[in-house]
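Working notes for the structure below.
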């Protein structure tokens, strides 16, 4: 059962890259929420391909039609269904790909799973395009969180081997504001040029690059989450790994913590001079035993290099049973890290709302 | 809602470190399964503290009483409830810890979440001891998987800065057999001594070390999993992050893939001379778009250094509102990576069974 | 969380009486199912208001647009989203009803639940119109069931005090065929005139009548269902009671069985001369201990008289806090029993598919 | 998946009639609830066989052992596991029943479902004994409801053809108190003798009788419940039909409403002289469109006559494939209606808590 997720907000995502439309039903939006459609558009636009330097030449409007659940701009409390038409689809590009399996795409697994009846065009239901409904739902979650003083913010932690620095123990309002207004959100802005270059270089070579996104959720009280199966990490990771390009998730120092000794890694509790309880470090990313500590919840994800590249690749034709060469054409992003930022934030917002929603 | 997980096998875990007992209800075991209790004991023993060089001086039998669901050693098809008594509990060790928050433990989050009514002794419901019921349930899942030709195997990928090599693209029967019979499962056995030393050194210093566990699931057909929210990675990670010490999960090359170009990272499909379809590399860890490729599903997790250390630490007393020093006493593992191996395998078995079970 | 139901087929229903559209996402339709859209239209037409003698003068096309999940008439295996536009909506009819609570409608409960933000026009999300998506989803379930030799059939058991006879212990192919082709499906066709009269009389008086629908599911093997919470009766009733007008559900003889002694009520097992195992009676409606017996699963539901009547009624204006008189205008069915037949069958099909689906 | 139910309180029931123990895990009890164990004992005792005039000669203590989740009599917030040992089991009574299917019991369906591996002794997992854990969990739910001013009360609506009157539109504190203290809870106490007689007569004949239980939940605010699939009626009925002997559920006037005209059946809203909004009748049982109206939620259930009778019955031996005669021995209730009262109340309490719990 692929498309239904959640609890406080329950979302049902539907659609494929080349179906008539894609969309989402969002169940559980509290009645009376004045929905900020401008903010939704901002988030959708961050994800949409815009033909810019980090993106595919496709431009898709991602215009959303609200079918129900909203009256005069206000949530009625009943399910909201949002539909995005697939307009800019060039099906002919994909006709050769019925039987030739693109490396690093889900083509083969889908073909087996769905006995060949799946819509193979453009990746079908595993297309990155399906993150648009997620961003829509996430944008609503963000508004609900904002009303509770909770913010979700992210930055590019790396692209290829160009690295930004990590969030510090505290995350300031200035940092949040600066990241939110940046085209390339970085803590260390001096890395902008290197990132542009590494992407441009991959594009020039018909190749692609991946990277990491670090995301923080601020304003969370201590005591959220559940032991065992509904730990903060479990719920967040289950949604983050739904984003097809994500191959790793770590909280706080993550894998880095495995090379520290306990005496270094343990986050000491401390009452500050202001009387506020904090930890002096945040190696655990704001979560202990599945429960928030009151520090920012910080995690980062690995985004693999775009699977679609123009370089010739070795692969197979499953109809003929032959090993073949494949040269992809069409429009593909050399790097999806930038467009993935709002997707990761949306996933984080939806996951966190599970713990603070009514 | 913390303790219920799953679908084909639904498990309900209960208990705390110092309650009368801990245990699990396993719902969904197919009627007629002849349960291999010896194999369950083997798995339980791998996890149990045994007073050996990698473990705490505690020795807990982890004897399991089956309350129902099994008749004459065969599953009836109805829920199986397994109970493990907590016998070796020294409550007085913990009396000082009602108000002093141990760093890197869940003490503070729990206290807030449960308004101070939680059983704080020994970590309560967030105790590593709660992984025993998980291993029990996982041992049943393993038997069900084995009957379908699916194996779960893991090795120590690192302890502190001592690193084993990673699984190769193919995983041989010899490797599996060798890892299953080893006390310290390593692909590169020459690292055994270094691992013993790094753990012994941490113990000697009253400190602790963490590490990584790499786990593979072999024998899985292509086409398992679901797009979006029930991706293989989503389901696996949600269960892996339920294990309290896990701070990171990556599939295949995980974070490493972010530094590769697409042309390197993409796993080329290839028909071998035997006519079998494989990928020539497995950077994606056997999962693409949430669906298995037919290659081994490979992932690894970050296990943080044991939070309980004997070195003096800075922390707070929340009753008095003071910053204090804390020196833990009692019995604690200097490194839980070895004992965590069967836990990670159990989580993997339960997660995978979700996709292949009846 | 109102709109998501199910397991093998998971449905997410959305929309309100006067929103832009209503619809449903159906997740879990097996890839490769050739969808019989003609049969879907037949089912939709049975439910749709048609301006006939049993129905409201409204005529709504209930035209369905498929947004995704179907390619060339065949299910892809991914979620199917079906949208039905609300075209024939006369919103002005409802403007007076913002504050005047219609008796026997959900107006007041909704107003409280949704803090007045719900769409009150035409009953909003509790409108009988929301049964259209249910019929759509049910029509797909019926096709899946038919491929397994399972049929769902129903008849009018009563309208007001006019009663049809009940299904016998066996249900013949002739009975099924005759009921499926009838406008007024009755086992005792001699009751047709009386039913027409009792409905016409209610209409003439500006009043309404209710009735009962008896439904049978044939072709089910013994051993389906689960003890306790997923009993056949639990799953069926949970869906049947989702239909707003249903006020009672009974299996087999239901309440009648309470006046029988055990020796009468118990259904004796018997091997027939054909060697087939049957029960000689079916007082338990084909379900014992939550599990099918192999006999037809038979249940009936109480449909209350249409809440909307033209007679003047006593009620309140919650804005002014006054007791007032209310005279409804507009288009209302004097009896919804006939139109409810395909809805009950759809619910039965969806519920039963839960136990036989892949 | 049989044994897990719920949301705010999630319960996992386990055990069979003749397993070592039965029990339940209750997840979601708010931390800090001082558990009234005396009240739990009262509820358990109402359900337990006591050898009295309405019951089987068996006397089972139903002593509950709490394994976890409670410290010093107070809920910790973590799952509570309660275990009841099966002590008074005479397995030899059942040995003949491996292959002879008791009419009106689940024997045959279970045998097919579980391939003959189920524990057939005493009905196994479909035994009425499994209602004991339900009563335990329900007793906790009742305490949580009581703290919110919500009461659950029931009475015998009929035994065989002896009928009590129904609840009126209002339910007084006196009625509640009187019903709670009665051995045979009746609104019309003059029916006590007739009920005793009709049960005694069935017992004398080696036969059994059934009946109806009417239950009311008072103190519920308007606006609880959800449209569609989580309607009050859906959630209540799904749990009520989990009780094996229940064959019908109706809300308010239920099937009776089908013989009323709308003008009669509709519950008029009215502001009383005290300014309180009520309906003048409660034919809809306090629920409209799945949502509470603020009136008492009233429903009744059909309890079938005890399936186990001493009279000789016709049935089959599925091992030999023969039609045979069966004469049951052992200890059986001639009527379970009285013992079912606390079970129905427990189910109601658990279902309602779903809508008012934190």
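Chains here go by letter, A, B, C and D, matching the order in which they are written, and residues are numbered from 1 within each.
To be clear about the criterion, a residue touches a chain if its C-beta (ideal position, glycine included) is under 8 Å from a C-beta of that chain, and two chains touch if they have at least 3 such contacts.
Quantities reported herein were computed from a predicted structural model and do not represent experimental measurements.
Novice: Using C-alpha centres only, name the chain that sits farthest from subunit B.
Specialist: Taking each chain's C-alpha mean as its centre, the farthest from subunit B is C.
Novice: Centroid from C-alpha atoms only, then distance subunit A to subunit C, rounded to Å. What do you get?
Specialist: Here the centre of subunit C sits 40 Å away from the centre of subunit A.
Novice: How many angstrom lie between the CA centroids of subunit A and subunit B, rounded to a whole number?
Specialist: 26
Novice: Just how far, in Å, is the C-alpha centre of subunit D from the one of subunit A?
Specialist: So the centre of subunit A lies 47 Å away from the centre of subunit D.
Novice: For subunit D, give me the residues that contact two or more of the other chains.
Specialist: Answer for subunit D, listing residues that touch two or more other chains: 1-4, 13, 78, 113-114, 125, 227.
Novice: What are the touching chain pairs in this one?
Specialist: Contacting pairs: A-B, A-C, B-D, C-D.
Novice: Please name which positions on subunit C make contact with subunit D in the complex.
Specialist: Touching subunit D: residues 1-5, 13, 101, 103-106, 108-114, 123, 125-126, 130, 158, 160-161, 202, 205, 207-212, 221-231, 233-235, 237-242, 244, 246-255, 257-263, 265-271, 275, 277, 279-280, 284-285, 288-294, 302-309, 311, 313-316, 318, 321-323 of subunit C.
Novice: Write out the stretch or stretches of subunit B touching subunit D in their complex.
Specialist: Touch residues, subunit B against subunit D: 1-4, 7, 10, 12-16, 19-23, 25, 27-28, 31-32, 65-69, 71, 74-81, 83, 113-115, 117-119, 124-125.
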